[in-house]
Amino acid sequence: MSMLHIVNKSATERNSVESCLRLASKGSVVLLIEDAVYAATQGSVAAAKIQAAMADLQIYALGPDLDARGMSARVLDGVKVVDYGGFVDLVAENNTCQSWL
Amino acid sequence: MSDMMEDMEGGEGVVKKFMFVNRKAPHGTIYALEGLEVVLISAAFDQDVSMVFADDGVYELIKGMNTKGIEVKDFSRTYRALDGYDIEKLYVEKASMEARGLTEDDLIVDVTVLDSAEMANLMAEQDIVISY
Amino acid sequence: MPMVEVAGKSFEVDEEGYLTNLADWNQDIAGYLAQEEKVEMTDSHWEVVNFLREYYDEYQIAPAVRVLTKAISKKLGADKGNNKYLYELFPYGPAKQACKIAGLPKPTGCI
């Protein structure tokens, strides 16, 4: 049973990325969208938490949101970038989906 | 409104120190765009305007945004028009920039980088501070 | 939203007659919008309209009249970058009328 966690808030403004990483169980998939994509960029104070979480979780970030924020070239190694089609695939591949608002 | 503008230009208006503090990332919420509109409108009143970018607000100034994929306006380019509106005092808090792995070279406009104590002093000397 | 028909195609405008979709703009539409504003387009009018479109393309906003005047002065010379010249071309306000004809939204910072 796998769960897709979707987070859309900036990790440097809200604690939803942090809470998600703490509470997502091993093997879960985390998709960062909208302002949450900043957490998956090099040099951010949130980057270390994402890097540590990659031991147990698969981390994805939405490409169009990275592009819109000028952050595409700064994505952390190991974070998989998907487009909207990939977003739909992740929803379809996982049994349940949790949005962290 | 034009009468009022003339009155102000005639010297009856008072020039106050306005500071707009930007603390939100662009696109995810409407604050950054709406805040920028407020600043552009405020320019019509010939006030002493400063803009501060702190916390996630620094993200508003990143070079190389491409918003086609999310189908919204790329208003990062509008910051480059501020100069034409005589808004030239742009400040970025150093700690906020560094916490995001960013440097001045990553920003779309020329800014003055201040440390937190300098920013606090600048904030303290304002007549009006509007923060979002 | 109201629709207008120009050269056999229909386009959406807002309640004040500004073109809703910037990308819809073409010379025919500009001609129609000018007619609505009772402006007879000459080369001088087109120069300002094209200037505004370039400005919007670069900065993503329609400039306030004060900013437009200054920017035109810088690019096309002081004889064009002044209120008298621009108000002669667009009597109801260069920013408002010329922006409308250029298919841009209502100017920001124009009150």
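We just call them A, B and C in the order they show up, numbering each chain from 1.
Please note the rule applied: a residue touches a chain if its C-beta (ideal position, glycine included) is under 8 Å from a C-beta of that chain, and two chains touch if they have at least 3 such contacts.
Just so it is clear, the model here is predicted, and its values are computed rather than measured.
Asker: If you average the C-alpha positions per chain, which one ends up nearest the average over all of them?
Answerer: Per-chain C-alpha centroids compared to the overall one single out B.
Asker: Among the chains here, which has the CA centroid at the largest distance from chain A's centroid?
Answerer: Centroid comparison gives C as the farthest chain from chain A.
Asker: Does A-B or B-C have the larger number of C-beta pairs in contact?
Answerer: A-B
Asker: Using Cα averages as centroids, what's the distance between chain A and chain C in whole Å?
Answerer: 43
Asker: Using the average of all C-alpha atoms in each chain as its centre, how far is it in Å between chain B and chain C?
Answerer: 27
Asker: What residues in chain B touch two or more of the other chains?
Answerer: In chain B, the residues touching two or more other chains are 74.
Asker: Which residues, counting only chain A, touch chain B once they are in their complex?
Answerer: Against chain B, chain A makes touches at 8-10, 12-13, 34-35, 38, 41-45, 47, 63-65, 67-74, 83.
Asker: What residues of chain B sit close enough to touch chain A in their complex?
Answerer: 24-29, 55-56, 59, 62-70, 72, 74, 76, 99-102
Asker: Report the residues of chain C in contact with chain B in the complex, numbered from low to high.
Answerer: Listed in rising order, the residues of chain C that touch chain B are 58-61, 63-64, 66-67, 70-71, 108-111.
Asker: Write out the stretch or stretches of chain B touching chain C in their complex.
Answerer: My answer: residues 1, 37, 40-41, 43-44, 73-75, 77-78, 80-81, 84-85.
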